[in-house]
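Reviewing the structure listed below.
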Amino acid sequence: MENILQQIGIENYIYLSALLFCVGIFGVLYRRNAIVMFMSIEIMLNAVNLLLVAFSTYHQDAEGQVFVFFSMAVAAAEVAVGLAILVAIYRNLNNIDIDNLKKLKG
Amino acid sequence: MNTLIAIAGLGIICLIAEIFNLRKAIVPVTIIGLLAVLGLNVAEYNELTQLAPGSKRAFYNNMVVSDFYGVAFSGLFIVLTIFLVALSPDFHKERKAKLSDFVAIKLFLLAGAIAMVSFGNLAMFFLGIEVLSIALYVLAASEPKNIKSNEAGMKYFLMGAFASGILLFGIALIYGATGSFDTSAIFDVAITGNEPEWFFIGIVMLTVGLLFKIAAVPFHFWAPDVYEGSPALTTATMSTLAKIAAMAAFFKLMRSMNYQVPGSYITIISIVAILSMTIGNLTALKQTNVKRMLAFSGISHAGFMLMVFFNPPAMGDILFYYAAAYAIAGIAAFAVVLYVCGNKGNEEIHNFNGLGKNNPLMAAVLTCALLSMGGIPILSGFFAKFFLFNEVLHTGHIAIVIVAVINSIISIGYYFKLILAMYTQDATGEKQPVPIMYGAVAVISILINIAIGLYPSVLLDLL
Amino acid sequence: METNLALLLLLAPFAGFLINIFTGKKLGRNASGTLGSVAVAVSFAATLYFFLQVSNTKQPVMVNLFEWMELINFRVNFGFQLDQLSLLWLMFVTGIGTLIHIYSISYMHDDENMHKFFAYLNLFVFFMITLVMGSNLLIMFIGWEGVGLCSYLLIGFWYKNQDYNDAAKKAFIMNRIGDLGFLIGMFIVGSLFHSLDYTSIQNTITSGTPVDAVWLSAATLCLFIGACGKSAQIPLYTWLPDAMAGPTPVSALIHAATMVTAGIFMITRMNFLFNLTPDIQNVIAIVGAVTSLVAAAIGLVQNDIKKVLAYSTVSQLGLMFLALGLGAYEIAVFHVITHAFFKACLFLGSGSVIHGLHGEQDMRNMGGLKKAMPVTFITFLISTLAISGLPPFSGFFSKDEILMTAFHHNKALWIIASLASIMTAFYMFRLLYLTFYKSFRGTEEQKHHLHESPALITFPLIVLAILALAGGVINLPGSNWLNHYLAPVIAAPAAHHALDGTAYMLMGIAVAGALVGIGIAYAKYIKQSAVPAQDNEIRGFAGMLYNKFYVDELYMAIIVKPIYALGSFFKNVTEAAFSGAIYGLGKIADMLGAEGKTLQNGSIGFYLLTFVVGVCSVIVYIFLAK
Amino acid sequence: MITTLFYILSAITLATAFLTILSKNPIHSAIYLVLCFFSIAGHYLMFNAQFLAIVHIIVYSGAIMILMLFTIMLMNLNKEDEKNKSVLSRIAAVVSFCLVALVLLATFIKAEPQMSRYYASGEDYQSIKVLGQVLLNDYMVPFEFASVLLLVSMIGAVLLSKKEYING
Amino acid sequence: MNVSIILIILLAGALVTYLAGNKWASKAAVLFSIAAFAATIGVTISYSNGEATSFIFHWLKSPNVFLAFQSDGLSLSMLLLTTALTPIILFSSLGNTFKNAKSFYALILFMAFAMAGAFISVDGFVYYIFWELALIPIYFIALVWGSGDSESRKKAVVKFFIYTFAGSLFMLVSFLYLYQKTGSFLSVHLYKAFLTPKEQLFVSLGFFLAYAIKIPVIPFHTWQANVYQKAPSAGTMLLSGIMLKMAIFSIVRWQLPIAPLAAKELMNVFIGLCIAGVIYGSVLALKQKDIKKLFAYSSLAHVGLIAAGTYTLTLDGLRGAFLQMIAHGFVVVGLFFAAEIIARRFETGKIEEMGGIRSQSPKFTSMFMILVLASVALPGTFNFIGEFELLYSLYQLDIWLAVLGGTTIILGAFYMLRMFQQVMLGEQNARAFADVTFGEGAVFVAIIAVLLFFGLYPKPIVDFITPELETILASINRFNLAR
């Protein structure tokens, strides 16, 4: 079976994932809108998923892809809970800017 | 393995009980169930003792492994959960309808925690930590009308998810380097020494993710805010069960995979340990909110516990002892905090004024719990620190022991702030009766604390 | 038998003390006084027994009770030694003690705490006996400090007056300075000789074992400092005049006859040691001579009757030390004894006067008491003649021997001592004239009540006057009974000076000097009827003398004040600094905590940022920093 | 050809990811993110992991993003309202992004992936059949455990969102 | 009779006292403390008869910890001090009414228990536990039942606790280090440890820090005066009478034999600090306006001398230290009791507000006087014996040390008599001052009897402690033999 890594090389995927991961991190740091921050986290998770798939191919092993399923489940679960919290906040504050969440400090 | 299944089943039973309007039975059944699970756990332990020393029992393609370490910690988690569940009905008496949810979530959380210490595969580990985390996100935010609770939940969730991302990245890299998620397979690769360097990067990422979970400096910022904002019982859960579960998992991971790490890794761990101890303790000095103070205290204890990495093969039992001592003292302290601050709406120290006169028993329990955390003999916290220091000295790291000692001194400063409030200030409010469960949990846990102080070998010899 | 009797000798006064202190109030005044006197009399009787026995056998009586202290270099036994020297001392301690106890029955009769007075006096006698009887330095030290304690208690007997209490405290503390010297001296002696027993030290010395001369000098110097404290020598003499705050019998017993001679006793006891250190002997001689001159000079202008006597005591003690320094121990002892007689008599006489005048002590307010108090006057006169050194009174013989010894050793010392003697004659007769001659200068009220003292007071006066008159017989030139008696305890007897022309010449000079002094006093206070000026009118050198050379003020300024200043410094500066250093650590921790608090600013963005920075630094450190 | 495709896809992935973050309107962000996910699915397809690609589209674009979009719409958040955001924090974010990217890339470059040794065995490892076997045999326990995870999140979401009412 | 019985009695006493309720607590406490004293005497007799009185139990396997209680001359003499003073201290508190008396008396007994444990433990780890345990009750005693305004009291007491706790932890580190070297905490093993001079230095400093703070030696003393002043008298007595002896005892038991080379190396520093403390404390005592503070500084001076004696490493120094510890224990308890009696009558601790007590209360005056005299080490009192041996041991090192240390007899007389004069003498005080009651008098008589008896006949104690001290000296000198 033909393998894409023979042509592209695993390192490029690692770089791509790392960059995408960094973009996710950037998003989390850059934005204060909670929803967009969630999205950034999803980008991070996707970067990891991509990496896992790349490694799965690299090792020609299904486990990596299976792991991606778990990762997706986790992502879904997290988003569900995260959005629930967000909704609760929105009910109280009428916005979702996390800079408003500074009551707890010191 | 059986314990894991039983606990998940128990959680579902809780949910079902609510459907069948058996609300009153939930807590007793859960506690009895947990005791039964504890029995299962003991049985598991006994089976292990039949085997050759050092061997482990693997289940389901090495997904779940039961060894002394995992079983011992599972037992500790179960005991803690029993206490936490026992505290629930009084704590949630305003929101009885949701009691089943709370109890079920705690049980699932326990399942996650057990998965974290008895995994044989990173997938189990990852799922365990996520179950634990998500359960805690929910619990932290479980007072939707309370803006503080919202904030706590949001902060915890955002940062937790972020940390999960990094942790996952680490797992991916380890997988990339070794081609497997199975810890023993990873160990086999790692021991050959010719794995790619991503492996170490993965280990570091994993470490960072777990350092976040145990709230070590500089990944600790969430802890005080979240502890303060969460409902007190959740704080109790976080500071006891969640913290030691993360620590235990961390230790297990590192012990099972971290063969031949670069020397600078241990330097990082010691720097983090020192920073955690110092910043945690120093900042705790200025706190006026008890939960917040305990959060910083927890940060410093995380620092102490990190010292086990100086000699992982020898320190499993010591970590277990330390975790048990810390968590049980924490439960006792929180039982009193729940009692005192239950209907006050905040956890400021002045709420504790005059407790020594109003309720000497609870005051004594809290005093003992704090002294235990501060490391005063005969309470188990002292022995924990003593064993830890002893082993660390054994590895020759005298400097960090000195730092730890200085930190123990600093910690007395804030533990005593609370004690002073209890014994020297006059009470502001009138005396309130102690809910029987609070009292029982407080007294039993402090008795356990003293007992394991007097017979440390009971725990030390478990593994 | 001997042991029991010796213990009786020792413990009789102690029993008196115990009974008086616990039940004295119930016993009543007379009973308590009688009891006290009898207790001492018992001791006197026992002393007499031993005195006769030892005089016959020439063997000291040794009593060894039990081992008291054990140190690495030496052991100290609780033991007593009754030899010629200690018995001689005991004789006049218990003898004069008995007389003064009897005197006190009347003198202290009106005091509400009379039983305590007798208790303290008994306790004093007990400690004095301990001091004298002890067979080693440490036992002597018990007595040494014990008499200091009793002195403290008795000076401050009228405890409601804080000035008296100050005087008492001063006496105790100055004594303690000397005691430290004594203590250190004992340490040196103990480690040099591996014993504190007189006999074994003496044996070591006579056996010719080599001893480090420097340490020996240090030892004797330290012991001498101890003696200075107790016997009021420069520079530790200032407590004695102040000690006159105590009741007059106390002054007579403690501050004239017995306690203050403890230093002389100690040096005489250790004479074999001092003989080995001529340098220190010189120091002793010089200190003694200077003390005698300075004290006499101050005595010239004092107006308080007891103060005059006090300075006279200091001066006489100086003379004794001079003798000690010259190695003439027997002569010093001789003077101690005669001095005990006449000075006790003088003090008791002055007490009688004070008693008669209801507490008046200022000589400017006396005068003309000759007629009102004839017995007192006559005994006082005899004693005054004795102290002035006129033959044939006892003082003449003892003082003359000292002067003679000084003349043979060092002319300068002789001149100083002679000057002191002349001054003594002057101020004693000044005292006599101002008190007993001319007309009464006190208030009418006092004059109305003038009367001779009762028999209990006059009886001791008479006895003492007789002794002052005839005491010289014990060591008359030629017979030298005392010298022979003491020979066994004095290692190297003083060179015996033949009664040649020089001796007679010196006697003549001494007598002439005394007469000059008396003459000046006569001219000034009888012929001119001069009365000393009021305090604020005393100026010039006289003012300086009247203010005791400002020594007290000097000590205050260079010792006491600096200590207080140091105390303030410690309290305000160093304590604050030490405390501040500790609190400072706490403050630093608090400050850092506050920093940590501000760091925890509640912003998720910031938290995440530190998270990321943390991750980066970890990765950089581990993977890139190599 | 495939290399070019990789670079194009990668560019799209990164660009849409950036745009997700930089768009001021959350709706736009969501749309860009969906695009990003599609490009990632493209990567998966290039790995020949068709099943995963489809699951990915379904879960991420179909479920997660719809959930988010739904929330955005529900809360009427489709406006640009990040007014109180300081320049300093933006700069800090940018700087730290550069830092992280640099550090990670540098680390990985330094780690020298050993691609030269790579060879394809030709074994089937990612067909649906194999995946199913691995997932439901080897990974049966995690699979079941994931259900606990989802249950928790479900209970959690209900607990947080359900209106409070007194019920005995 | 096994020595552990004393611990059991005291601990049981604490429990029973607490359970007895406020009304009966004091009586129960006195009863148990007397029982403990009797038991101590029993143990002493058994020990003198050569019976086995020690207790040993292998408590922890890893680390290797023995629950080992040994009775020997040193520990028994200190144990006797503890159990003899405890009833006296309890007795002295009877005159006061305390709120929550059951806790108060139970804490006192618990404290006695902890201190007794520290004296008889020969396993370093168990010893450390008892050492720390003693801190908790005194903390609460001073905090809850202390006098003065609560803020400053809190500050003082917390400072005390943290300070002493800090010192102790360094001792723990020393113990741990020793354990790494020897594999045991037992004193018999530690005594045989051959550490390098550098190791000894650090170990010794760790010990010194703990002890110097507790004794206290300047400059670690700043907690002392305030705590002594603020604590209730019983607490002050416990602190000054027994607890600081625990530290000096520990020097002899642990610091010196374990790290003798360091002790020799640092001898000048240690002794220098101690002697400086003698003068410093004495001079400061002169400036104190509060009677308890004055006693505190006087204690600083006396204890400095004792500690200096131990650091001379001579038999005289060690023996003198033990004798003086016992003597000082009794005297200082008596003095603080006197201060307590005055405070009860006058309700003040300020010296300037006192005065003229003598004419109202002759018995009290006499007893106080005797205590003052004992405190200034008048010959014939027990204190003199101790001070003489201590000064002589200093003299053996250097005469000037003895002279400097000896200033205590001058300065001591100075401040004590000054205090006595201001407090007791002078014109009759306007306020009534009842003479001592029978109970109070009995306490004084007991203390004075001990002081005078052993002042004249110290041989029983000397003979009792000397063999053990020689053993310790032997292990101090083991490096000389090895060479």
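The letters A, B, C, D and E name the chains in turn, as written, and every chain counts its residues from 1.
Keep this in mind: contacts are C-beta pairs under 8 Å (C-beta built on N, C-alpha and C of every residue); 3 or more make two chains touch, one makes a residue touch a chain.
Molecules present, by chain and UniProt name: A = NADH-quinone oxidoreductase subunit K; B = NADH-quinone oxidoreductase subunit N; C = NADH-quinone oxidoreductase subunit L; D = NADH-quinone oxidoreductase subunit J; E = NADH-quinone oxidoreductase subunit M.
Because the structure is predicted, anything quoted here is derived from the model rather than measured.
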Where subunit C and subunit E overlap in contact partners, by chain label: B
Separation of subunit E from subunit A in steps, with touching chains one step apart: 2
Farthest chain (mean CA position) relative to subunit E: D
Greatest separation from subunit C - chain, by CA centre: D
Central chain of the complex, centres being mean CA coordinates: E
Which of B-D and B-C has more C-beta contact pairs: B-D
Intercentroid distance (Cα basis), subunit D paired with subunit A, Å: 5
Cα-centroid distance, subunit C relative to subunit D, in whole angstrom: 102
Distance from subunit C to subunit A - Cα centre to Cα centre, in angstrom: 98
Rounded Å distance between subunit A and subunit B, as computed from the means of their C-alpha atoms: 27
Junction residues of subunit C - those touching two or more other chains: 586, 597, 600, 602, 604-606, 608-609, 612-613, 615, 619, 623
Junction residues of subunit A, two or more chains touched: 10, 14, 21, 24-25, 28-29, 32, 38, 54, 56, 58, 61, 63, 66, 70, 74, 77-78, 81, 84-86, 88, 98-99, 101, 103-106
Of all residues in subunit B, the ones touching two or more other chains: 123, 127, 130, 134, 137-138, 141, 144-145, 153-155, 158, 162, 166, 197-198, 201, 224-225, 286-287, 413
Chain pairs in mutual contact under the definition given at the outset: A-B, A-C, A-D, B-C, B-D, B-E, C-D, C-E
Contact footprint of subunit B on subunit A as seen in their complex: 10, 14, 17, 21, 24-25, 28, 34, 37-38, 41, 44-45, 47-48, 51-52, 54-56, 58-59, 61, 63-64, 66-67, 70-71, 74, 77-78, 81-82, 84-86, 88-89, 91-93, 98, 101, 103-106
Of all residues in subunit C, those that touch subunit E in their complex: 21, 66-72, 78, 138, 141-142, 144-146, 149, 152, 156, 159-160, 162, 165-166, 169, 172-173, 176-177, 179-180, 183-184, 187-188, 190-191, 218, 563-564, 566-568, 570-571, 574-575, 578-579, 581-583, 586
Subunit D contact footprint on subunit B (complex, rising order): 8, 11-12, 15, 23, 59-61, 63-64, 95-98, 101-102, 104-105, 108-109, 111-112, 115, 121, 123-124, 127-128, 130-131, 134-135, 137-138, 141-142, 144-145, 153, 196-198, 201
In the complex, subunit B residues that touch subunit C: 154-155, 158-159, 162-163, 166, 197, 200-201, 204-205, 207-208, 212, 218-219, 221-222, 224-225, 262, 264-265, 267-268, 279, 282-287, 410, 413
List of subunit D residues in touch with subunit A within their complex: 2-3, 6, 10, 13-14, 17-18, 20-22, 26, 29-30, 33, 36-37, 40, 43-44, 46-49, 51-52, 55-56, 59-60, 63-64, 67-68, 71-72, 74-75, 77, 81-82, 84-85, 89-90, 92-94, 96-97, 100-101, 104-105, 108, 113, 115, 118-126, 130-131, 134-135, 138-139, 142, 146, 149-150, 152-154, 156-157, 160-161
